[in-house]
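See the structures that follow.
Each of the next two complexes has subunit A plus one more chain, namely subunit B in the first and subunit C in the second.
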Partner chain A sequence: MSDWFSEPANWVFLVLALVIAVSAVRVVTSTNVVHSALFLVLALGATAGLFLLLSAEFVAWVLVLVYIGAVIVLFLFGIMITRAPTGPNVEMDHRPRAPAAMAAFLMFIVTAGSGLTAFGDQEITRLGDGTSTELIGEQLLQRFVIPFEVVSFVLLAALIGGITLARRDASPAEEEATEEEVQA
Partner chain B sequence: MAPDIDYLALAPEITLAVTAVVVLLLDLFLPRRQKYWTAIVAVLGVSFAALPLIALAVSDVGDRAMLGGSFVVDDFALVLKGLFVIAGYLVLLMSVGYVESDRYYQGEYYFLLLMSILGSMVLASSRDLITLFIAVELVSQPMYLLAGWRKGDLRSNEASLKYFLLGVLASALLLYGMSFVYGLTGELTFAGIAAEGAGKAGEPAFIMAILFIIAGFGFKVSAVPFHFWAPDTYEGAPTPVAAYLSVSSKAAGFVALLVVLYSAFPDASGVWGPAVWILAALSMTLANLTALRQTNIVRLLAYSSVAQAGFMLVPFAAAATTDAVGLGEAFAATVTYIVIYAFMNLGAFAVVIAGARKTGTGDIEGWGGLGSYAPALGALAAVFFFSLAGIPPLAGWIAKLVMFGAAMGAGSPWMIALAVIAAINAVIALVYYARVVKTIWMDPVPATAPEEEVRTASVAGSLGLAIGLSAAVVVVAGFFPSLVTFFSDATKVLAGG
Partner chain C sequence: MPLLRRRKPRKKRCRHDSKELEARGLELRIPEGGELVLLNQFLILGALLFSLGVYGLLVRRNAVMVLLSIELMLNAVNVNLVAFESFLRNAGAGGQIFAIFVITVAAAEVGIGLAIILLIFRNRTSANVDELDLMKW
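Take a look at the complex of A and B:
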């Protein structure tokens, strides 16, 4: 046990893990949607820290760029543009808490228990310094080039479908009008 | 260094991808009245995608593996790709009249449908966890959007949202299970996982990972208890989309399940066998009992498709208790069932689209006397519904036969119990399938039926073609079962039987 505490990386891990756990709980329990989003930023930022601790810089910065930079900002913009209520909202608080908490707790026991039995006594072997990004890039465009290309179609389909569903439909009369305009 | 790519092996996927992009570009430049060209291009593209499949099937190169065994084109992949192409073709035909008459965004509709077909094609070839997961996402993700394509209809909104939320939950479970498998074995390809995981079948984390993966695919194939989205989504989504969900999307889930369980976890069959046994028994029994009470034809088909998923799972459970030969038999039984189910269920949905147009309602009661004013449609409805029930000489009978054969071949008491459950359920299912046929042929025309002109109006040509093709397959395969078993036997390569 004293070995565990003498390793500074373990202290960093402890702090990060606590931050993740507390902010994850607050994401769910907060009644203010903006607060939830901000706690999510905190949880994701600390997760990026965990990846840095494992010297997986690329994954860490992708997490920061994509999740914190894009997804959360998009989320906040979404709240702003749709003029959703940003104050405390009682409707976000659901009555049946006990069964949900129970299910979450059981899930935690199952995943944590099996994770501990499988990996509990393993030493973490660090990757080489700074090569991981290069390695990921090479793997993406060689070994995993097909899923890489397929993901671009997943994104394109999401983009096209999302725009179609979100845009306001023109009424038949308006459509006729634009049609004539184009022809003229 | 460029990766080693076999372009002929990828040709069907490339054809589909190019077609989808062409459809999207065409839609941008076409005036509104000529949007039907997008449908024509989509149908042509899917037909062209079948050509390289045939070339691959007759070439004597054998299995084509590339990218370190992540993408394999073998007989199993070819048969399933053929099925996905034909099912996609039929759904496109069904969509033409439906989408046009309801003023949808046609170009985008066909684009998303083609994307989903592309996903299922990649899925049939994927032999590692990453490719498989991405392919599964490409199959389902356009469907989340298409389920909500009737924007003005609240039920369609509900269909899309429900399917999306539960689908994302399923994907999360799936990915979590996969991450544990990778962590335990250090391998991504199924062959590697099978080799590394051989001695790990008893580890709690490995068992949990397999159960998570089964649960994730359970959502995709809509097996009880992961079926909650199916009835609401099928009812609210545009009917051709519901047909696609119940056939291609479900078949894709089964293909993924087949590949993962048989080729990645062959030594852990003691773990997944009982889990699949429970899923099969629950799906058949609960879905059939609920289907008995349905009054809406699409909801009835939704519960019927959940129950059929249960029948398809029966050989999986059997495979866990037998030797290598039995494994191959069970594998082929599931593939046979999927192929036959695809045609009869697509046909049933096509009939429902045509019938709903004629009767103006989705309530089964409103379909009374359909046989008297549309005898051809009534007869075809009888063909598809009796085939779903498994009555000889229609194709559904062969599907049931190989399913029972696989279950009884295993011989263990548990499998005989499951066969008995399946037999009881086949009888229950006959009641509600036959009730629809009885309403169509023996009940009087209800007073609420639409005008004479609507009732006797001819069915759209493309829809008629879809119904005709499905009916031809269902009838011919029923008389010549060797046509289907020829293909499903070829798929045994994957199970080593």
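Take a look at the complex of A and C:
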């Protein structure tokens, strides 16, 4: 264990993991919706730092750009447009909470326990020797080109679906009015 | 950084060697990182994030908060993918590429999810999931 603490990367990991854990707890326990979204920003930023520690620079910056740049803005937009309750005395959670906590705890025991039994004390030996962005680009357009195209199609479908769903349809009377205007 | 490139897993013996060398006034240049960073610490962090996401998913009333919890769970998956990519020496770039796919799908999912929540809010003037009991018998 003293060897573990003698590794500088582990101290960086400890700090980042602490930030991630605390802000993730705040995301699911905060009574203010906006605070939850902002704590998610903190958790994702620390995760990007963790990716940098694992020398996955490209994924780290994609995480910052896509999540913190776009997704969180979308969340704040959604929170404000649905007028989510932000007062201090609003009931944010279902009652009772104990079954949910129990399910989450069992989930943690099973997943962490299976990791512990499967990988024991195996070490990550490639920490400073990450995958280059060049290799990611090559692999993305060679070995993973079909999933890449599928994902781009999913994005297109989501774009069209989002517009179609969120567009405010005109009422029948308005539609008739516009048709008459077109005919006239 | 080619200085840090290392193909063979380093044995713990190297630690003792460096201590012995230091005792003799010599210095062994160890590339930073790579030694004693366990795979499991990342897996446990991922498990913790995922379980917190499960808790939030089950306990939150507001649909936007449920989506936030789903984002936590997807983020846990990304941590695992990138950690395994670092752990396996012959992974190509698979782990990171799949992490990018997960991020992309998460962005699409948030867009569609928020559009649906917006529609529900327009129809029911509430975005609480426990009030959507129209199909409950």
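Just so we're on the same page, the second predicted complex is superposed on the first by the 161 of 184 C-alpha atoms of A that agree within 3 Å, B and C clash if a C-alpha of one lies under 4 Å from a C-alpha of the other, contacts with A are read in each partner's own complex, and residues count from 1 in each chain.
By our rule, a contact is a pair of C-beta atoms (placed from the backbone, for glycine too) under 8 Å apart; a residue touches a chain by one contact, two chains touch by 3 or more.
Just so it is clear, the model here is predicted, and its values are computed rather than measured.
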With both complexes superposed on chain A, which partner does A:121 reach: first (subunit B), second (subunit C), both or neither? second
Touching A:104 in the superposition: subunit B (first), subunit C (second), both, neither? second
Touch test for A:143: subunit B only (first), subunit C only (second), both, or neither? both
Which holds for A:160: it touches subunit B only (first), subunit C only (second), both, or neither? first
Superposed model, subunit A: greater residue contact from subunit B or subunit C: C
Touch check for A:62: first (subunit B), second (subunit C), both, or neither? second
Check the residue A:169 against both partner chains and state whether it touches subunit B (first), subunit C (second), both, or neither. first
Set of subunit A residues, in rising order, touched by both subunit B and subunit C: 111, 115, 119, 143-144, 147, 151, 154, 157-158, 161-162, 165
Using the touch rule from the top, collect the residues of subunit C that touch subunit A in their complex. 1, 4-6, 9-10, 12, 15, 31-56, 58-65, 67-69, 71-72, 75, 78-79, 82-83, 85-87, 89, 91-94, 96-97, 99-101, 103-112, 114-119, 121-122, 127, 130
Sort out for me which residues of subunit A touch subunit C in the complex. 3-4, 6-10, 13, 17, 20-21, 24-25, 27-28, 33, 36-37, 40, 43-44, 47, 50-51, 53-56, 58-59, 62-63, 66-67, 70-71, 74-75, 77-79, 81-85, 91-94, 97, 99-101, 103-105, 107-108, 111-112, 115-116, 119-131, 135-136, 138-140, 143-144, 147, 151, 154-155, 157-159, 161-162, 165-166, 168
Taking the touch rule as given, give the residues of subunit A at its contact with subunit B in the complex, in rising order. 110-111, 113-115, 117-119, 141-147, 150-151, 153-154, 156-158, 160-162, 164-165, 169, 172, 175, 179, 182-183
Under the definition above, what is the set of subunit B residues touching subunit A in their complex? 1-3, 5, 10, 17, 20, 24, 31-32, 67-68, 70-71, 103, 105, 108, 111-112, 115, 118-119, 122, 126, 130-131, 133-135, 137-138, 141-142, 144-146, 148-149, 151-152, 160, 176, 180, 183-184, 203-208
